[in-house]
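Note that the chains are named A, B, C and D in the order they appear, and that numbering of residues resets to 1 at the start of each chain.
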Amino acid sequence: MFVWPLRVYWEDTDGGGVVYHARYVHFFERARSEWLRSLGFHQLELQQQHDLVFAIRAMNLEFVAPARMDDALQVSVSLLAAGRASLRFVQHIHRQPDELIASATVYAACLTASSFKPRRIPAAMLQRIAEAVPATATENP
Amino acid sequence: MFVWPLRVYWEDTDGGGVVYHARYVHFFERARSEWLRSLGFHQLELQQQHDLVFAIRAMNLEFVAPARMDDALQVSVSLLAAGRASLRFVQHIHRQPDELIASATVYAACLTASSFKPRRIPAAMLQRIAEAVPATATENP
Amino acid sequence: MFVWPLRVYWEDTDGGGVVYHARYVHFFERARSEWLRSLGFHQLELQQQHDLVFAIRAMNLEFVAPARMDDALQVSVSLLAAGRASLRFVQHIHRQPDELIASATVYAACLTASSFKPRRIPAAMLQRIAEAVPATATENP
Amino acid sequence: MFVWPLRVYWEDTDGGGVVYHARYVHFFERARSEWLRSLGFHQLELQQQHDLVFAIRAMNLEFVAPARMDDALQVSVSLLAAGRASLRFVQHIHRQPDELIASATVYAACLTASSFKPRRIPAAMLQRIAEAVPATATENP
């Protein structure tokens, strides 16, 4: 499991005094971007040199407890399944190890960046992902 | 069904050339705010004079097709169920009447604004909502 | 003077209970986009068919009074000067006609979209802009 | 001079392929928040226990070069002047030590959080700030 720390700033909060719910969607994406980076993949390079982007097709979100200004959060990324053209994740945001803020399941599709049509994840990329996570996660979803 | 129009600006797009997925969560919220306003409820007033806020507890999101800069979108709000302390919605974003961009089911809880604890939706508010939507939607979810 | 109305939503506010200062920068940009649209220019078309984007080079911002959730704001756009490769604006955000929220002067450069290098504003575009605003504004800044 | 590192994500970019100009305003604010934290001040605590917030009154922004997805940026904070009720900063964003992306001068006013009226910066806070920066910066602006 990959974990990325981040801090809550004023920009993340709303007039209710807590983090605006859509900001958690940003936080989940930052952690997935850092997970990809930790595997050696840079998304601007994927887009410009390999005409590849990942697009989010579906998300299920649970907002469990409110985070607030100054909170130090931990965002996790667990790969549930890697298909030939898609990745599925489960992600959690915690404040303390035992204090869950939000959860998400995320379905990301691999697309040709210039046409937005589905394409296969390159074999080398899929293999790099498979090496990094338990074997059970890399079967076809 | 309530429909709110909005326009896509640069702020809504990302380097992939399409609307950033979290922005749709904002768009859904703008339409719910306008739906509440259309029923006569102003959220700042609800917060400051009635110590009441709605918080999103869960969302299921489907991103069907990408929207782009300059697109004119229509965001719908349909109440699925009104409980004593929560509202459930289904929402869609269309570009053309037959061109679906994104869908969401949204579970909103009524909270005491100062404590973030669940509270009942005031009876008058629930009645006003019930008058505005088909009777089947206002049973306990 | 061009004026664009907009509404403040939760997404625009922060934990201080007022609009987050960077959001006014968004509001100013929405109004400039609508001003361009009112003159017949669509920015996605300018980017994709004419390889042209406007980029903001400098802004001076004054935050005069706080706006809040639910506020109905009016954002103005006045062209100060149109040069061969740049436009300068002054913009204001009002809540009531006599209640100033924020002001900005904005310097926008015309760029080749694919290279981000400065380029001339097309003559037909400059002429269309000149027709729409007082002659004094369309001299070289 | 205080420097805070941050990473550019998709959320920060726009359809022009570069960081959306308003996002730099966020980046500047994150660095000021971390500067305050480095001096021992937590803004939620200041708001809730001392009824104190800082609000931005004015900013001058220069956007020098575009940043892009995946860029690692450094945001600096230099206090120019500390008055009895306000702080003035100059801030820069660099990609490489010699590659300037954006600059800002920022005027922040100290306010009573509950009324948004100007108030003095607490003497202990002003002293803590004075200890952390060159003496010339802590005179009345």
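Note that in this section contacts are C-beta pairs under 8 Å (C-beta built on N, C-alpha and C of every residue); 3 or more make two chains touch, one makes a residue touch a chain.
Values in this document were obtained by computation on a predicted structure and should not be read as measured data.
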Interface residue identity across copies chain C, chain D - same or different by half
same
Between A-B and B-D, flag the pair that has more C-beta pairs in contact.
A-B
Rounded to the nearest Å, the gap separating the Cα centres of chain B and chain C is 29
Can you work out the whole-Å distance between the CA centroids of chain A and chain B?
24
Express in whole angstrom the distance between the two chain centres, defined as the mean CA positions of chain B and chain D.
34
Return the residues of chain C touching two or more other chains; collapse runs of consecutive numbers into ranges.
10-11, 15-16, 18, 22, 26, 29, 44, 47, 68-69
Which residues of chain C touch chain A once you look at their complex with the stated criterion?
10-11, 13-18, 20, 22, 68-69
Note: in the complex, chain B contacts chain A through residues 15-16, 18, 21-23, 25-26, 29, 44, 47, 53, 55-63, 66, 113, 116
Which positions of chain B touch chain C when the two form their complex?
7, 9-11, 26, 29-30, 33-34, 37, 42-45, 47, 68-70
